[in-house]
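The letters A, B, C and D name the chains in turn, as written, and every chain counts its residues from 1.
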């Protein structure tokens, strides 16, 4: 079974040279830690920076330089700043090659719910609805089940949707799954996890091929 | 009767302190020459400059600094450059207080035709359609009659329209006329011009008040 | 001659702001917010305002200061976490909240300033955001119609500015400020540094002065950091 | 690590351009046009292209060079004067011409790059530009629906750029270049000066590199002036 860092590490393997990547808050943010040095990848943060770098050294933090999670960051050589309209022009115009974000629920149709729980304080969707409605390549990073042990991979989302039929791939603590033709397709299992464990933890329609490899993460 | 410079001079009297002004090609361009020094007025050219200044001194011309008429210009202190989308955001968003442009025909309804003559080579509307559709305050600068001596102030335009019900005021070589309630209203006559001459040269519905002052231009 | 927008101070800049108005406020989280104007709005004690702002500040800073005084009737935002007083007022029904996808919020402000009354976007299709909105397919993909946003006053904060109202923002403190400057009937810009006319490179101006009606040099900027994340040396 | 878009020369930059494609070309008149790319398009001899460009050059410069070789099947522009060969081809029916209000042209390119499939504008209402287009009233004023424009290749010209594709334009040579950079499936940027990564101030970048797929340093710029207007000393 993977921890959050393991999920991030596995997702990092999806990233290709030359890609612009938008990472959501939480597990997705960790993906940046696992990009091989020397790979040409730039991180976009929707509050207005391309070429986001790591956190600043203590004492170098700048209130005017933050990411979408409001964390102080740095800018890499070749970075650019821009306004929010231009930032979402990049996102909506499909100039960002990969979007990674967390979710509360994902359906076998690729629907995603990650912004609102009825009866609880609603904080807002931020940029998530723009990201999921626009991106061509969306990977969801999340735990396979919620704290009550219930599957988060469902036939239909029970929570209010963030986007419809948009998620391509899900990487959880148990498995990598692709979404197509109205079903989850098991691609890999996490180290030490059996196909049966994934089947038991997946409420939505799951297609299991004859042979399922184990994730290769170091 | 006014010449082109006289028309420009009269229109300059319409300009108020604090206004952003877009001047079209031809007579409108001359208006800039008659703005009192010390008046706070900035000229916008739709190809991407606010704070356009006079032509450069010989030898100082810069191919990268032109106006919408493709003439070499200068920038005043406090100028700003921007792209064409932002430029027309200023125009369409009604941030420009006055637009002055030429016309082939104007109707008593405020319609304007100034871009196309059937059977002749059509060069295009440039920014004129955006300007006339958006501006709240449009003054047309033109000769009262065409080369054939026919009125250019009509009940209906005969040429393809540039915009509908948008012209507020017309300044010609003969008169100043306002357009409202479906008619031209005579406001002033040019020096040496009689009301009768204006009536004779105006084909559209013309309302003449009891007393019509003469333009005060020096 | 350049048009001067310079006013003496924040009091002059906020003259005419009244209860019941719709206000836009730049910033993302606490980054790039118009601190001086917010303080003045608290001092003025205006009531029942609608605030269009990506976020709602924190309990004791940013728009949280207006919330403390219960001056806000409605918030139009994309994300309103990190604010207990906001949560209390929202759950009690004192505060009306309209949540908008962040990209649509930015584009709707730009549209308001650019004379585009409405546009189509895929964001929010199939969600409750689309409720009551026209849906139309383009290139085989459903989009929803979103309308322009404008405000009686827009308050923006820039790094540098001149008397003509030209603005340059710093790093990610730019965020929503340029679009809101476009969309305000009266746009008030506060700047960290008001420089003499002609000192800003016209090629580097982010917001041309035509979008700004009043400008003043702010003071006492706290520029609070919401999430201080650092690497130890 | 930053993504490099740098290619060796204009030939590498134009690789893949084919007959029948839709091309966008930045510039206003002859100001800010991609001179090197145009020369290469002439050399390549591609045919039947659709060019989206605010103007069509003059007889012997700019897009006029492509017109001379009869490489253009259709022009989408706002103003096409100052070009006799253009007039001849248009009147003879060899050349198809789609005239678009300048602001709508700029906004349609931006929309194409920004994933906005369509928007409403008042420009052109009541004129032949509105023929066949949806008309809708907003705030009591009629608007027409305009759709996004995109291109197989966009060719833009900047003053300075870096390997990441970040661009800075000079003065009014900016014009249509930034929006066309956004709207090209493949955007080729030629620059007067290609500077080392990290030399451009990230705060002063006009076109962020994400919109540029290929960049090269141009050479031999003529930068012809169309209307040389000066005051005598």
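Going forward, a residue touches a chain if its C-beta (ideal position, glycine included) is under 8 Å from a C-beta of that chain, and two chains touch if they have at least 3 such contacts.
This one's a predicted model, so the numbers in the text were calculated from it and none came from an experiment.
**Q** How short can a path of touching chains from subunit A to subunit B be, counted in steps?
**A** 2
**Q** Go through A-C and B-C and name the pair with more C-beta contacts between its chains.
**A** Per the contact counts, A-C leads.
**Q** State, to the nearest whole Å, the distance from the C-alpha centre of subunit A to the C-alpha centre of subunit C.
**A** 29
**Q** Centroid of subunit A to centroid of subunit D, CA atoms only: how many Å?
**A** 36
**Q** Taking each chain's centre as the mean position of its Cα atoms, how many Å separate subunit C from subunit D?
**A** 32
**Q** For subunit D, which residues are shared contacts with two or more other chains?
**A** 107, 110, 114-116, 121-122, 169-171, 202-203
**Q** Where does subunit B touch two or more other chains at once, residue-wise?
**A** Touching at least two other chains: 49, 75, 81-82, 85, 88, 91-92, 134.
**Q** Can you name every pair of chains that touch?
**A** Contacting pairs: A-C, A-D, B-C, B-D, C-D.
**Q** For subunit A, which residues are in contact with subunit C within the complex?
**A** Listed in rising order, the residues of subunit A that touch subunit C are 45-49, 54-73, 75, 81-85, 87-88, 91-92, 111, 121-130, 133-134, 160-165.
**Q** Flag every residue of subunit D that touches subunit A in the complex, lowest number first.
**A** 1-4, 110, 112-116, 162-164, 166, 182, 197-198, 202-203, 205, 208-211
**Q** Any idea which subunit C residues touch subunit D in the complex?
**A** 107, 111, 114-122, 138-139, 143, 147, 168-171, 202-204
**Q** Give every residue of subunit B touching subunit C within the complex, in rising order.
**A** Checking each residue of subunit B against subunit C gives 18-20, 37-42, 44, 49-51, 75-82, 85-86, 88-96, 134.
**Q** Under the definition above, what is the set of subunit C residues touching subunit A in their complex?
**A** Residue positions touching the partner: 28-32, 54, 77-81, 87, 90-91, 97, 99, 101-107, 109-110, 121-129, 159, 169-179, 206, 223-233.
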